[in-house]
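There are two complexes below, and they share subunit A, which is joined by subunit B in the first and by subunit C in the second.
For the complex of A and B:
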């Protein structure tokens, strides 16, 4: 298996460089939109590494959930609220950046120490043709409770998001003042707020 | 069920006979199907553009392209050449890097998805076990490219178009995935090969469209919305948004969007053919015919006929659906954005969920008919 192993090694190297580069870009770019797009790159390279680990279903799910949903959501949020605003340079801004760098370096040292010390067990079993069935078996036997709890958590956050978005229980102007018709806004049909 | 011709196996076998190692033979084999699929997809786009022009002309009682080649078949080639030679304009205040990456990110996943389209038992680039799921995952990358293009153009219409496109494809991905899930539940596999195998028993009678009529309609509507075809082409609604996220694009970058949308349409039609219309299997099963005529089912010429019949069946079914899509485009008016989102979230999503639950119940009740 010479060619296959060589291809695996090269792919792993390319994916790691891509992932580390993209992750550094996410942190270091001043433009937040670049950071968001590069986050997608990080997720995709992670999916590639999952494929190298024979976890085909997990890698497809990674692309679907993280790239297709989470990253698009982040981009949406950025593009809908992105105000072009010039930030004034902070006085003694380097203190913040320095302390962030120290904390990050400490975390990195801690995590790398853990990953070096831990005796990783490398399975010698031949990889399964399909990881879907074993995954499903785990989900419905020994991982049933976390699985169901995660879905309940998602349901709760969805209900919360819908309530926030509908604003039925949160009237827009709490102080009760009459709506001011600005000269620049388009005339709009007044909307009944359910909370009033 | 014989496995049909196995070109890869034969190729590797014959190269190994020359003394080349099996691994190297596999590596040497790899580019051929990929190149073939790329060429096939590109030719598919040309055919599609020609069909679109001709059918739209017929719908509006015009003649359509006529002078470039017989019946105007060379018109799409001329269109393509024009786009290749057009100047590549970069707007002054656009973001040059993201502006270039956008179209690439839109086109690449669509072409990658052709990996899993089977044209026969062994006529597929890779038979991976997460086939159809991989397609859904890859198609979820496209909105990022659209957002990127919309943002990088530095144009209000582009930005709104990109946001609309992303919102639309996220909303319609859910009913799409749910209707695919019902099929997957019936065939007990995510692999496209297994999905087709499961419907190949009794010819036209065993196609999934009879067992999943609701799923078929949901899938087709969602696929049209994912491709931004006309009843749902809001991201590029001319009256409102000039051309949506494509407004600032010209030349080859615009051509990438154009090619991407048509390749996506053909891909969606192929997927409908595979999931609901029996893929490469012909309406009358070929085993039945060969038994009737008394031909040995393992004879080599029959296998060649079988394979070519499989390819033509898949393409025929797909192009029938493309025809329907084009006819829809030129007869149906565009919906509004609120109607689009209402249809997706309040109508298709509950129906797709109900369809999934009913399929599960039917599978438990009648395991023989619904793949136990």
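For the complex of A and C:
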């Protein structure tokens, strides 16, 4: 990393404050559209922290996959499930929130204490200038089988998501007349338009 | 100088925020967003260890790329399930998804 250490520290402070603030906004905002956009903020600041950790390829992949795919997917889901409903408040709902907050604070304290107390074996090697070539060597030598399995898993999840999100087809329409003009379309229920 | 502990504490904070959102939020889409936050915290841990303990042979970054791929698949399937439940139950309230209650 060619940046001066003070600049690194200030950058880390800014990025971490941005990330934690945006994450709190994701959890606490009442409007879910704001939450989705703040989630994009979390992902982008996470990519900046990856650059501070000398990982250029993973930082680019983080922006491409998370901001470009996952966040857009979540926005589309919010748009499709766009129902303004006011949730009825649970009775004794504050017990759940309070106990969850206490447990989360305790977990945070425990994890922080562990990470401070443990004597990590910090390596003295200088980090690599670019991580792309070593990553590619890993992917195509010792991690080849998981890499190919990940591609199969992505294909399976794509097919599964399509099947789950498709509208149900009507079986009586299939058994009756055999329509030939729309044989290339998926059999599904005609949807009711939203404007009615 | 940046220490490994800073990144670990940051990841712990993000993970705890994710757990809090996972348990307390009512909207099903927000639950999926909290899961994404937790996955990002785990990724940050892996990247920190990869940079500070194993900088010569960056296996933590390899695992991070795998986790990113799995998280994308998980988000797609999870949102499809939310969409399907929304069509059946006409709500996204987590408290009314009691189909498995006996």
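What we mean here is this: the second predicted complex is superposed on the first by the 141 of 196 C-alpha atoms of A that agree within 3 Å, B and C clash if a C-alpha of one lies under 4 Å from a C-alpha of the other, contacts with A are read in each partner's own complex, and residues count from 1 in each chain.
In this text, a contact is a pair of C-beta atoms (placed from the backbone, for glycine too) under 8 Å apart; a residue touches a chain by one contact, two chains touch by 3 or more.
Bear in mind the structure is a predicted one, so any value in this text is a computation, not a measurement.
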First (subunit B), second (subunit C), both or neither touched by A:69: both
First (subunit B), second (subunit C), both or neither touched by A:80: both
Touched partner set for A:2, first subunit B, second subunit C, both or neither: first
Dominant toucher of subunit A (residue count), subunit B or subunit C: C
Touched partner set for A:61, first subunit B, second subunit C, both or neither: both
First, second, both or neither for A:146, with subunit B first and subunit C second: second
Subunit B and subunit C footprints on subunit A, overlapping residues: 57, 61, 69, 76, 80
Of all residues in subunit B, those that touch subunit A in their complex: 23-24, 27, 98, 101, 128-130, 133-134, 136-138, 140-141, 143-144, 147-148, 151, 159, 162-163, 166-167, 170, 173, 190
In the complex with subunit B, residue positions of subunit A that touch it: 1-4, 33-34, 37, 40, 44, 56-57, 60-61, 63-64, 67-69, 71-72, 75-76, 79-80, 129-130, 132
Residues of subunit A that touch subunit C when the two form their complex: 5, 8-9, 12, 16, 19-20, 23-24, 26-27, 32, 35-36, 39, 42-43, 46, 49-50, 52-55, 57-58, 61-62, 65-66, 69-70, 73-74, 76-78, 80-81, 83, 85, 87, 90, 96-97, 100-101, 103-105, 107-108, 111-112, 115-116, 120-123, 125-128, 131, 134-135, 138-139, 143, 146, 150, 153-154, 157-158, 160-162, 164-165, 167
Complex contact set, residues of subunit C against subunit A: 1-2, 4-10, 12-21, 23-30, 32-34, 36-37, 40, 43-44, 47-48, 50-59, 61-62, 64-66, 68-77, 79-84, 86-87, 90-93, 95
